[in-house]
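Take a look at the structure below.
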Amino acid sequence: MAEQFRDILETFANSYPGRDYTIEIICPEFTSVCPKTGQPDYGTMTIRYIPKEKCVELKSLKFYMQRYRNEGIFYENVTNRILDDLVAVLEPKWLQLKSSFTPRGGISTNVVVEYGEK
Amino acid sequence: MAEQFRDILETFANSYPGRDYTIEIICPEFTSVCPKTGQPDYGTMTIRYIPKEKCVELKSLKFYMQRYRNEGIFYENVTNRILDDLVAVLEPKWLQLKSSFTPRGGISTNVVVEYGEK
Amino acid sequence: MAEQFRDILETFANSYPGRDYTIEIICPEFTSVCPKTGQPDYGTMTIRYIPKEKCVELKSLKFYMQRYRNEGIFYENVTNRILDDLVAVLEPKWLQLKSSFTPRGGISTNVVVEYGEK
Amino acid sequence: MAEQFRDILETFANSYPGRDYTIEIICPEFTSVCPKTGQPDYGTMTIRYIPKEKCVELKSLKFYMQRYRNEGIFYENVTNRILDDLVAVLEPKWLQLKSSFTPRGGISTNVVVEYGEK
Amino acid sequence: MAEQFRDILETFANSYPGRDYTIEIICPEFTSVCPKTGQPDYGTMTIRYIPKEKCVELKSLKFYMQRYRNEGIFYENVTNRILDDLVAVLEPKWLQLKSSFTPRGGISTNVVVEYGEK
Amino acid sequence: MAEQFRDILETFANSYPGRDYTIEIICPEFTSVCPKTGQPDYGTMTIRYIPKEKCVELKSLKFYMQRYRNEGIFYENVTNRILDDLVAVLEPKWLQLKSSFTPRGGISTNVVVEYGEK
Amino acid sequence: MAEQFRDILETFANSYPGRDYTIEIICPEFTSVCPKTGQPDYGTMTIRYIPKEKCVELKSLKFYMQRYRNEGIFYENVTNRILDDLVAVLEPKWLQLKSSFTPRGGISTNVVVEYGEK
Amino acid sequence: MAEQFRDILETFANSYPGRDYTIEIICPEFTSVCPKTGQPDYGTMTIRYIPKEKCVELKSLKFYMQRYRNEGIFYENVTNRILDDLVAVLEPKWLQLKSSFTPRGGISTNVVVEYGEK
Amino acid sequence: MAEQFRDILETFANSYPGRDYTIEIICPEFTSVCPKTGQPDYGTMTIRYIPKEKCVELKSLKFYMQRYRNEGIFYENVTNRILDDLVAVLEPKWLQLKSSFTPRGGISTNVVVEYGEK
Amino acid sequence: MAEQFRDILETFANSYPGRDYTIEIICPEFTSVCPKTGQPDYGTMTIRYIPKEKCVELKSLKFYMQRYRNEGIFYENVTNRILDDLVAVLEPKWLQLKSSFTPRGGISTNVVVEYGEK
């Protein structure tokens, strides 16, 4: 089940829960597999969020991202699915995920998904 | 008929139709022909859209863009025409097309067209 | 008469008059003459406009810009005068002109003028 | 006690207290220690603030930043703590702190915290 | 008296007084002296303003800026003082001054001051 | 016959035939077709040569390059073939051709061919 | 056996075998696995070679590079091993391989290996 | 007569005639006219020379360059002609002139001419 | 004793000892302390070497570099001392060390030291 | 006397006198005065040298460079004079000085002087 990927994500308690602030995490080494061609895709995942009670632990996030290494999934779907996983685990006030994939056939694609109000 | 170009565009079902998110597609290898001089024009087409039920399939988009390779058409018109085709086929919530053409006579031109509300 | 410069500008009919879209034209090879020192000035003229019925024809724009080659005129005035000429000929919904001049005495100058509502 | 770090910060009287203006201070040589791994972290601290009665003295700010050189503290916490110290000492109208850390495990992190209204 | 510096500033009549437009002037060769250490400071002064009746003459502005060459003055104060001088002489609708100083002790500073409404 | 392409190239007499000097011509709008996939390729052709009696006329060079627009040919071969054509027509002392093609399947290719002694 | 990877590499006949020219191929999407930590490594492989009788076919090169996706191997060894494979299959006059890996623990590594005389 | 342009060039005595050193002068505001189309050309002239007894005075060089403003002349010829003028007036040990012209028809051109031994 | 720092450096056997190849290692997070002012210095250490029998293990190199974190030492000396340590431990065919330090008092410094023949 | 400037330069003993290595010092905050116009000049002085017995002390170098702040001197002469001073004080094996001045009248100038053999 795809949802099981999120079990690997760990959190730690936000020490400043009463304050709105933004954490930006940039993962330029994301890779998954195109479900149509079986060819690897490469991209950068940029997470920006305002935490409530929980912050994402970075080492667990690294392992979570690595789970997609041999996973066949489209650009649009992987972006939405990672957003869903992060929102389920972090329960943030606001979270935005931007993915930027390297060119295929001379065409490159970025996807931006957002949860909550800033 | 110019409208026939759009028949080549294929779509796939948006898996997250209830969520507003943005897909950006950058096509830096666009080329058409100036109808006045017969000389080739070169540019980048950048599509940004919020899908409703349909997403554009990238390989078909590549073939669609290639159809302009030997088509004589002005900067302003090709930008509007591609917008019309994408809107007709994708029926998006919002779509923006930006074209950026390389210099001619020391002058370069960009055109931005938009459909719907963000 | 300065106004005569604008006679050289040609237009073609906007094929999409019912739609608001933006055309940006970048002219990095502008040169005029400083009326005080007689020395040449160099700059980039960037036009951005939303057309109504008319679009500017690019070859005539190139010739129009060349008319300033030996014209003595201050930065602020040439920017306003070109705006006036373009507005008179194009009757656009909105037009912005930005000029950027190369350094003189270690100081560089940009001017931004706007017409109409975006 | 962590709060004691702030004692090193010195201020001087704002000569223009009746006017809202912004001071931006960029400290690209920040380093602290990861409390989990004991490994050093490196980053840039960017402070932007609108002063009321007091401005921060730059040499004391340099010494304050150096105090974190051997301090074990997480990205999120150090950013919030420095904000708290600067706000306590400067009592500014508005203050924003942005931290940008170099990559660890292929992932880089930025944090933005803000105090007051702009 | 510090105010006497402004006497060197000359103006010329704005030929388009009924129109709001923006003039940006970039002076990357500004230098003054730190009043504490006696060491020279180096920076860029960027002026942006909407003129009313008067525009600043660039050669006189160059000489005005040079007057700070051997003047001992803090970053925050010199930025506010130049703003005051320009506002007194130009009586503009709006004026913004941004100063950017090179690093000292690994720390760089920018100051932004504004007058009037845009 | 492929060799016929070169008939379009025109030359003019080198006015400084007794002097070794270098002419560099950069053509960033080259496009041909992959003979295997039928898909368009895009690249930049950079010619550097030391003329003997003849220099290449730039407008004819532009038309020559355009002849490859719908020609199916591999990267390595098109680079060698253009070198052969230029050498046959210009009879230069030395000529180097560098081609740089945009990525395909995440891989980009450059080819450098040289004729004569520098 | 590691040598078996090279079986996937295909070649085509060099059409200009009597001429020394250089082919450069840039593969920015290389990934393998650290044999010590089991963590993925990411890098760019840049091949430069002077062919004799054979040129490498790019699609087969892409598949060859992908074989390292789940292979545990050190930076230095993978660079030498790919060189050996390319030399065995292409029998070039000269071949250079440069690998550039993304930072680990704040440290990045490049390796350059060469075969034959230029 | 074209040679008369060089009369405007002034020199001053090299204070270090017994020492080989290099002076580089970059003139990014060069403009002349295409003799074929009558259209203006724009480029950068970069002079590098080792003086013997004379150095070129910069203000006179600026006026010399401006003389080409309305002169019809090809890229290759103007580069050689300026070299000849500089060599005649400066009698340097070594002099190199590089011209770089902005794109025309999507093609840009640089010319490098050299005199003497370095 | 300063030499004791080198004890932390570990090596692994070069798998390709019969072949000359270059390994480049970039450490942008180097910091030491100025022995005169007690203030921290920051820089990048770039090692390039041709191994004989031994390659440096990267994790031990990271720990070795961190030992300078609180060490008082001049730019020139730390560069030579690290070279000596690396040469003693690796016994390479050739090794070059380049250090680049961030500006102090508006002045930045780089040092390049080399051992052996390339 | 101009030579007196050099009295301010201090040296320290080179700890590695038996080894050839290169020290590069970049001073981007150099300013002097044009002896013809009285206007300030701005530039970057880049020193590269191989020391024998002595290295230049950086703080004294900063003060030495500041001595030119109000000194009227031509580009070519100041570069040669600083070289002479550094050579006299450091007695290096090799020393190169490169000066790069900001544009005047649209023209920028660099001078490179060298002493000794590398």
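Just so it is clear, A, B, C, D, E, F, G, H, I and J label the chains in written order, and each chain counts residues from 1 on its own.
One rule holds for everything that comes next: a contact is a pair of C-beta atoms (placed from the backbone, for glycine too) under 8 Å apart; a residue touches a chain by one contact, two chains touch by 3 or more.
Every value quoted in this text rests on a predicted model; they were computed, and no experiment measured them.
Visitor: Kindly point out which of B-C, D-G or B-H repeats the I-J interface, defined as over half of the contact pairs being the same residue numbers.
Guide: Going through B-C, D-G or B-H one by one, only B-C repeats the I-J interface.
Visitor: As a test of understanding: of all chains, whose mean C-alpha position lies farthest from that of chain D?
Guide: Comparing chain centres, F lies farthest from chain D.
Visitor: Does C-J or F-H have the larger number of C-beta pairs in contact?
Guide: F-H
Visitor: Hey, how far is the Cα centre of chain G from the one of chain J, in Å?
Guide: Between these chains, centre-to-centre, one finds 46 Å.
Visitor: For chain F and chain G, what's the span in angstrom between their mean Cα positions?
Guide: 28
Visitor: Quick one: chain C and chain H, Cα centre-to-centre, how many Å?
Guide: Those two chain centres are 31 Å apart.
Visitor: What whole-number Å value describes the gap between the mean CA coordinates of chain A and chain J?
Guide: Comparing mean C-alpha positions, chain J is 52 Å from chain A.
Visitor: Do you know which chain G residues sit against two or more other chains?
Guide: Where chain G meets two or more other chains at a single residue, that happens at 28-29, 39, 42, 102, 104-106.
Visitor: Can you list every touching chain pair?
Guide: A-B, A-D, A-F, A-G, B-C, B-F, B-H, C-E, C-H, C-J, D-E, D-G, D-I, E-I, E-J, F-G, F-H, G-I, H-J, I-J
Visitor: What does chain F use to touch chain A in their complex?
Guide: Against chain A, chain F makes touches at 39, 42, 102-106.
Visitor: In the complex of these two chains, what residues of chain C are touching chain B?
Guide: Going by the criterion above, the answer is residues 12, 14-16, 19-29, 51, 55, 58-59, 61-62.
Visitor: Quick check on the complex: what are the chain E residues that touch chain D?
Guide: 74-77, 79-80, 104-114
Visitor: State the interface residues of chain I toward chain D in the complex, per the touch definition above.
Guide: 28-29, 31, 39-40, 42, 66, 69-70, 102
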